Amino acid sequence: MSKQDLNLDVSKHRNLDLRVSIAGITLENPITTASGTFSAKESGAFYDIDELGAIITKGVSIAPWEGNPTPRIAETYGGMLNSVGLQNPGIDSFIKEELPYLRTFGPRIVVNVVGKSIGEYCSAVEKLNDTEVDMLEINISCPNIKEGGISFGADEKLAAELTREVRKYSKKPILMKLTPNVSDITEIARAVEAEGADGISLINTLLGMKIDIHNKRTVLWNKTGGLSGPAIKPVAVRMVYQVRRSVCIPIIGLGGIMTGEDAVEFLMAGADAVSIGTAALIDPTAPVRIKSELIGFMNRYGYQNLQQIRESML
Amino acid sequence: MSKQDLNLDVSKHRNLDLRVSIAGITLENPITTASGTFSAKESGAFYDIDELGAIITKGVSIAPWEGNPTPRIAETYGGMLNSVGLQNPGIDSFIKEELPYLRTFGPRIVVNVVGKSIGEYCSAVEKLNDTEVDMLEINISCPNIKEGGISFGADEKLAAELTREVRKYSKKPILMKLTPNVSDITEIARAVEAEGADGISLINTLLGMKIDIHNKRTVLWNKTGGLSGPAIKPVAVRMVYQVRRSVCIPIIGLGGIMTGEDAVEFLMAGADAVSIGTAALIDPTAPVRIKSELIGFMNRYGYQNLQQIRESML
Amino acid sequence: MTKKIIEAQVISNQKIAEGIFRITLDCAAAADATESFNAKPGQFINLYPRDKSMLLPRPISICFTERNRITLVYRVVGNGTRELSCHKEGDGLQISTPLGQGYHIEAMFEAINQDPSDHKTIALVAGGLGIPPMLELAKTIRTQIGEDRRIKLIAFLGFQEKAFLIEELSSFCHEVHVATEKGDFGFHGTVLELMEMQNIVVDYYFSCGPKPMLKALAAHCHRIEKPLQVSLEERMGCGYGACVGCTCKTKEEKDGLMRVTPKKVCKDGPVFFGEEVIWSE
Amino acid sequence: MTKKIIEAQVISNQKIAEGIFRITLDCAAAADATESFNAKPGQFINLYPRDKSMLLPRPISICFTERNRITLVYRVVGNGTRELSCHKEGDGLQISTPLGQGYHIEAMFEAINQDPSDHKTIALVAGGLGIPPMLELAKTIRTQIGEDRRIKLIAFLGFQEKAFLIEELSSFCHEVHVATEKGDFGFHGTVLELMEMQNIVVDYYFSCGPKPMLKALAAHCHRIEKPLQVSLEERMGCGYGACVGCTCKTKEEKDGLMRVTPKKVCKDGPVFFGEEVIWSE
C-alpha cells in the first residue's frame, strides 16, 4: 500500500492527512483546546469531543487552588481579560474525578500543570506518571497568580531550571507553555529546549487591565488579568514565527485563533498544532468549526497534509 | 481673584480646568498627538490644530532615514501593524522645513527623537537645544528599525545610559518613550527616572506579525511591525498603572485610545496627559472628538480638573 | 450535543419603561427548536453581539416562553444592551439555547402534594432586573397549582422608580405587592420592608435581584426556617461552564463533611438554594 | 478644515460583473457636500467599514460624480469590500470627502490651446480595477474638448475576462478599444499588446492599473517621449497623509539636483507623472 493510500485510509476527508506527531505522540488532527477554556461535559454539550486532536486541560496544581474572587472576567476591544487565578481542585481530585471521564474520549490528553514552586510542579507531574495521560503542558507563564507562575516564564534561568527539574520527575513528554510578557521570547524558548523540553506551547495571555471609569475601580477584583482573544493574535504569530526559527522541537501555537484561516496563519508561522481558547468561550463549537474551515482551506489550495502548509511560506 | 475664578478665566469650558503641567511646561489640555500619526498640514485639513494640548512629532533622526519598503501597513483584529521604519527627512530638514510651520500653532511642540546609537540621539537632541521646541520625547522603543531602537528600551542598563547621555546634551525637558515589549516595565521606568528623565511616555507598539495565507508571505515587507490600536489598550493601561506606582515623574499615556472614556481610563490609571495615535488614522478628527468627550465626562460627573480624575480611583 | 447556538428572529422589541426593553424572539429557525427551547424558569440565554469589538455573549434571563417564542426584558446599561435595543422586527439575532439550572419546583410540589389538607403560600421576591425571570416562574408554578385552592402564589416586587411587568405577573399570581424606592408607585421603600409590613406567612421563597437583597432574604429565611431559592448574577465569560469565570462559593456536604465548594453560576446556577450560598464574600 | 468624514446614503449597489459591484452614494447629507464633493478625476475616497474588527478605511477611486452623487466600482477581495457589497439602498455609509491629487489636465489643455491648428490624441490606458477612475476622467476631458474637432480621446481597456463600464466610457471617448486576457471579449491579450497592435499615435497618456502594466507603459512613453500620468496603488493606513504608510519613491529636482524623494501615494498621489516615479523597486 503506497503512502497515498495510507493517507486515504486514516483520514475521513478525501486524501487529506491532518495528523501531526508531537514528541512521538500522534494527534489525529492539529486542533486542541487551549488550557482553561474547555470542559468535557460542557463543551461536549455543543460538539463531538472526538473531533479534537487533543484535549488540553485547565491548569492543575498539587493542592487545590481557590483562584481569585470575582469579577474574574472583563471584556476589551477584540479581547477579554481573565483573572480566574488557576482555580482547580488539585491533582488528586483531577486524577480521580476528571481523568477517567476524559479517557472515555478518543483525543490525546494533555494535562496543563501549574505550581508555586519547582517542588510543587515536580510533585504534580510525578503524580501523573502512572496515569493514562499522554503529555504534560507546563504552564510557566500564567500572569494571574501572585505567588508564582510569572517569574518562571519571564526569567531565562528560572525557566531552564524548572524545565530541567520537571524533565527529571516526569515520564511523560513535556511541553513548556511560555508567557509572551518577556523581552525576548527566543531566549526563553532556547533555554527550555536545551533543558529537554519536548515541545513548546505559546502564547499564554498578555498582562492587561481594564478600569471601570464610572465606578472608579478596576473591573477585575484582582486588578490585572490575562488578555486573550483575536486582539493578541499578531503578537502570538510573531512569537511562533520567531521561536520556530530558534528551536527544533514542536510548537503548539495559540493566541486569538478564531477561524480556520487564523489556524493556517499559525501553521505557516511554524506551529505544528494549534489551540483554540477564547474563540471557544464565544462560540462553543469553535474547535470543530475551525477544523472544518482548515479542511476547506486545504482542499481549496490542494494541501494534502500539514507539513505542506508549514513549509509553504515564501 | 480666587483660584476658582482663575480657572473660569483660562478655560473655555465652564469651570473646567483642562490644563496639565509636565516638566514645568503647561499644556492647555491633556490631548496630544501620538508620534508618527500626525501631520500638521493633513490633520489640519480636518480640525483646528489649536485645539490640541501638544503636538508630538513623528520620530526625527540626525540624518534622513528611508524607512522600510512597502507594504508598511497591515490590519489586524481591532488593531493595525505598521513598519514605516521611522522614515524621516532628518533633523536639519525638520528644523528648517517643518518646525517653523508647527510654530505657527498654539500647542506645545514635542519632538520625538530616534537614533541608532547613543551618539546619534545626542547629536539630534543637541540640534534642538536652540530651537523653539518645548520638549523632547526620546523614542527608545520602536520595534521597526533593525539597527537600533529596540535594544535601548528593552534593556534596563542601556535605557539608563541613553537617558543619562541625552539628559547631558539636551537643554529641553525629556520624556522617555518606553516599549511594552519587556518583561518588567517598572524596572525600565525606574531606570530612566533615576537618570534624570523628566517624564515617561508609554506605550509604544507591541511587536507583531500578520501572514497573508493566500500568498504565503508576511503582509509587511519588513515581516514584523508595531501593533497599535484598541487591541493593545489593556496592556497599555496596565503599564501606565504599574509605572505610576513606581515613579514620580509625569506620564503620557497612550495605546489604543479611541474615545474620551478611554482617555479617562488612562488618567485614572495615572497618566498626566494622553496621546491619540491609531484613532486619528481611522478618524482624522479623533483628537478633538476625544477632547470634547473628555469634557462631557467631566461635566457629567462633576470633575473640575484632571487632578481629580487622576486621584479618583478607589 | 444538547445545546446549540441558533439564529433567532426578532418579533418585537419595545421600550416598556425608562431604559427597559422587552424583546420577543422567534426561535423556530433552529431545526429542533421546540425541543431545545424547552426552557425551565430561571434559565438564561446567551445573546451574541453583532459589533465585533465585543466578543463575549450577554446573558439574559428568560422572562417568558410560548411555543417557539421567548421574551426577554433587559435594561440598557452598556454597548451590548444598547445594540440589542436597536434591533428591529425581522432582524436575526445569534442566541444560545437555554443555559444553566432553573428553579427547582418539582420537589416543592411533591412535598405539598404529600399532605393534601395543608395550605401553603409561595412567594416570589424580586427586585429590578430580577423581576423578568419571575414571570416564567409564576406561569409555571401557577400551571402546576391549577385549581388547587390550598396553594397561594404571591409576588413581592421592588423597583427603583418605574414599575413594569406588573400586569403580566398579576395574571399568574394570587396577589402582587409592589414597592418603589422612590415612592412613584405602590409602597414607598424596599421590597423587604414591604414584605415585613405585609406580614404574610410564606412557606416557599423564590427570589432574584441585587445581591444585598438576596443576602438579607437568605438571612430572613434562615431565621424563619423556610426554604429559599435565589438566582445569582455574576460577570460571565462563556456562560456555559467552560471558563470558570463566574464562580460562587457554596457549602456542600461531602462524605459527611461540610465543605466549601466553588460552583459555576452559569452552569451549576444561576439558581441556588439560599442555604448553600456562602454570602459573606 | 477643508476635509470631512460624512455619512452618505446608498442609492444603489449592484453587481456589474463577476465579483464587481457598482455603488452610487448620495452625499448631500454633508452640510457643504456640493463644495466638498467637487472631486477631481483620479481622486479617491475613504470608506469606513462598519464591522469594528476592521479599523482601517478602504480607499476606492471615484468613478463618476454627478451633483451630490458619486459612483464607485469595486471588486470584492476581502472583508471590507464584502461588507460594502452587502449595503442596500437607503443604508448609511461613512466616507471621507475626496482625497489625494487627481489627474492634471489643465496644463495639457493650455499646451493644446496654444497651438490652435494642431491635432492631438489623448489616450486613457487602464486595466482591471484601474478602469473605474477613467470614467470621471473621460467625462472631464470630453467636457473640456467640447466641440473641438482637433482633439481625440481614445480608451484602451484591459480586463481579465468579463468587461464592464464599456458603454459608459464609449459615451465620452471617440474610440474605445478592449482587450481581455482570456479572450472573452475584444482583443485577446493585454491592453499593451492591443495598443501596440492598433498603432495609434498618441500625444498624452493617462493610466491606471496594475503596477507591471504602469511600469511597461512608463518605459514606452519614455521611449516615445510622450507625457504620461499614472495612478498608483499602495496599501494604506490613514489615506490622508498622516501615517507615511503608503510611500513611493520619486525623482525630484531640487536646487538643480535630481534627488530621490519619498512621496505619499495618498496625499501626493495617487496620480504621478510617469517620469517622476522610480519604478525599479
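A few remarks follow.
The letters A, B, C and D name the chains in turn, as written, and every chain counts its residues from 1.
The criterion applied here is as follows: a residue touches a chain if its C-beta (ideal position, glycine included) is under 8 Å from a C-beta of that chain, and two chains touch if they have at least 3 such contacts.
Small disclaimer: the values here were computed from a predicted structure and weren't measured.
Both chain A and chain D are touched by B, C. Of all chains, the one whose mean C-alpha position sits at the greatest distance from that of chain A is D.
Between the Cα centres of chain C and chain D there is a gap of 60 Å. Averaged C-alpha coordinates give centres for chain B and chain C that are 48 Å from one another.
Work out the mean CA point of chain B and of chain D, and you get 36 Å between them. Across the assembly, chain C contributes residues 52-53 that each touch 2 or more other chains. Among the residues of chain A, those touching two or more other chains are numbered 77-79, 230.
Looking at the complex, you find that chain D touches chain B at residues 1-5, 48, 52-57, 96, 234-238, 240-248, 262, 267, 281. By the touch rule above, chain A contacts chain C in their complex via residues 36-39, 41-48, 58, 66-67, 69-75, 77-80, 82, 84, 87, 219, 229-230, 278, 280-285. The part of chain B that touches chain A in the complex is made up of residues 76-79, 81, 154-155, 181-184, 206-211, 213, 215-217, 223-224, 227, 230-235, 237-238, 241, 256, 258, 261, 264-265, 268-269, 297, 312-314.
By the touch rule above, chain D contacts chain C in their complex via residues 51-53.
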